[in-house]
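Working notes, structure below.
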Amino acid sequence: MTAPDLPRISLLGTTAILFEAPGTFDLPHQRRIWALAAMASKWPGVREAIPGITNLMLTFETPPRAVDSLVSALNDGWDAAQELAIEGRDIELPVTYGGEIGSSLQTVADHTGLSVDDVASIHAAPLYTVFALGSHPGYCYLGGMDPRIAIPRRQTPLQRCEGGSVSIGGSQTGVSASPGPSGWHAIGHTTWTFFDPSWPVPAALAPGDTVRFKVDRVIR
Amino acid sequence: MPIDTTDIERLAQILERSGVASIEIEENGQSLKLVMETEGPTVPSPALAALTGRSDGVANVAKADVAGIFVAAHPSRTKPFVEPGQAIEAGAIVGLVKIGRLYVPVLSPAAGIVDSIVAEAGATVGYGTPIVSVRSAA
Amino acid sequence: MIEILSVLGPASVQDLGRFDQYRFGVGTSGAMDDIALRAGNILLANDENAAGIEIPMTPFKLRFGRDTAFALTGADAGADLGGRAIPPWWRSQARAGDVLSLKAMTRGARSYLTVGGGIDVPVVLGSRSTQLRGQLGGLHGRSLQPGDVLPCTAPDSSACIGELGTEPADIALARPNAPAGVTVVRVVIAGEYDMYDGVAQDLFWRSDWKVTPQSNRYGYRLQGPAVMPISPVEKRSHGIVPGVVQIPPNGQPIIQMRDAQTSGGYPKIATVIEADLWRIGQAGLGGKLRFEQTLYPDALAAQDEVSAYLDKLRVNVRRLEELRRCR
């Protein structure tokens, strides 16, 4: 997946500003994003500092009259950012690969030239780190996927992908917490609960937590 | 606050410009009525003649109760609220008075058939200005 | 209290939205036409964030269980209260037992019902807005069904409210030289704009995009010529906000709306300015949309214009209340 050589900063209308870090999609870069987020969340006028995959979005309380100082602050902040190592929890998630919900398992196998069993075991092998939350309530973007099973996002996003779906989009993987539209390829599902608004912290996982998938079943 | 001469002058100007025959204002126990004097014999306007001339049924007049611009149709619509010959209920909206960005409704005092739209769309109206005449069964 | 009698499509309880929850993947939700909701609340002297009902389709019917001051703003839906016509952008007084009927939308795509004091559903994660995906907020996190009963906060004043209308936003905020039958929305170009060449960019600006039937609170899916990048773009997932215009590989733009996911990786060509989001909310299925390039300072000026309209409304309503009593 493409990444800039220098940080890229762009506006999202009058609502937010996006900072994209240069470099590889890996934990050291993500830790620097976490550090930048911690800094930026305290800046005046910033509503939230939301990490993405080696990027950071700042939503505005009210849009600043001029963005120059914010742009400088982001660049300076990134230069100064030291890796923030978050000690999270370790979670094990049993997954049923394939089947009705994991309907794209064969698609991924075809695209990569691997067998469905290999796709499943390669997917379940690493210890993943939660890089960021986003997309929908409780959804986690995980870092650490094996590039052998990477597959570009869908041509046309699906209008509905089931809750608990384990999917691949580009070289990223994640688990949906609820049904909804998706541009990713669902390869399996898990029955865990990722989100509940009545919990003190509504999302089950947070950046810095680690996840290991366990192959419960592979439905061919 | 007493109605003073500058108010009266301004009201007289509005009266003249609007082509309305009279304005009546009631405020804090005081009332003021201004009537246009025309040259020669007083010839009632056709609309006012219609109000007084008919013998069948009772003539009711829906009047403005605020000062502003009379609007015959809702700004989002092309069709006026009422048209002559239309049957309406008591309390039905027969037009609007625009004050800045707000629209105050003019309501029919009685059920009946709309006789005529007395006020001109776009005209300045005041408290008591006749807007629409409605004929109801005697 | 309000009882829903009949409803089509996803009507839901919405306030202005749920903020400060993006870090959990929870988007803003909130009224698709935030201006209509605010205006209704202003007419009723409510907090502008008081929750109302967003009605995206007709026919729609509800019954008032008590005497209730209410306002109806947004799309002109040919409404009547117990047979008495209620004009658009209007406030009125309902008596207990009155049935409010919205017959057909002739102008706009979403109507908003607000009530004195607001709809009293629980606040979830800081807002009463319904989020259908997360099944949270509003009434049990879902769209409204016949038989649903919505509690209303009892307003401060028990005096009956006078009938009053206000200039509809689509007239007060009409864009000069707007082409008939086309909704024009101002956008600020986004990070991936330069990944499209001049020809593709031109297609984006010049086309009258058709709002397909797959358009809803998640996003407006548009149909028109394929807008393709110079080479395929696969971005790392990053935050997005309502108004972001993504273009998936099929070249058909999608405007992410209030219930959109909070992050994505499709290339973004532009973002609709906040001041124009409501115009999309009022664009009906099958309607036409055009994008107009805007610079950030002009987008702020547009925001100021919206604030001025609402400020004026607030002041006018207050002043009029001081002069009049209920008739």
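When the chains are written out, they are named A, B and C in that same order, and each has its own residue count from 1.
To be clear about the criterion, a contact is a pair of C-beta atoms (placed from the backbone, for glycine too) under 8 Å apart; a residue touches a chain by one contact, two chains touch by 3 or more.
Because the structure is a prediction, the values reported are computed rather than measured.
With centres defined by CA atoms alone, the chain at the far end from subunit A is B.
Each of B-C and A-C has its own count of C-beta contacts, and the greater count is at A-C. Subunit B has its Cα centroid 66 Å from the Cα centroid of subunit A.
With centres defined as mean CA coordinates, subunit C is found 37 Å away from subunit B.
Work out the mean CA point of subunit A and of subunit C, and you get 29 Å between them. On the subunit A side of its complex with subunit C, the touching residues are 1-3, 8, 10-16, 18, 20, 25, 47-48, 50-57, 59, 63, 65, 67, 132-139, 141, 152-157, 159, 169-170, 172, 177-181, 183, 195, 197, 201-203.
Interface residues of subunit C, counted against subunit B in their complex, comprise 76, 84-85, 87-89, 107, 163-168, 170-172, 309, 312-313, 316-317, 320, 323-324, 327. Across the complex, subunit A is touched by residues 19-27, 124-125, 131, 133-136, 187-188, 190-191, 214, 218-219, 232-244, 248-250, 252, 254, 261-266, 268, 271-275, 296, 299-300, 303 of subunit C. Per the touch definition, subunit B reaches subunit C in the complex via residues 65-66, 74-77, 89, 91-93, 96, 99-105, 107.
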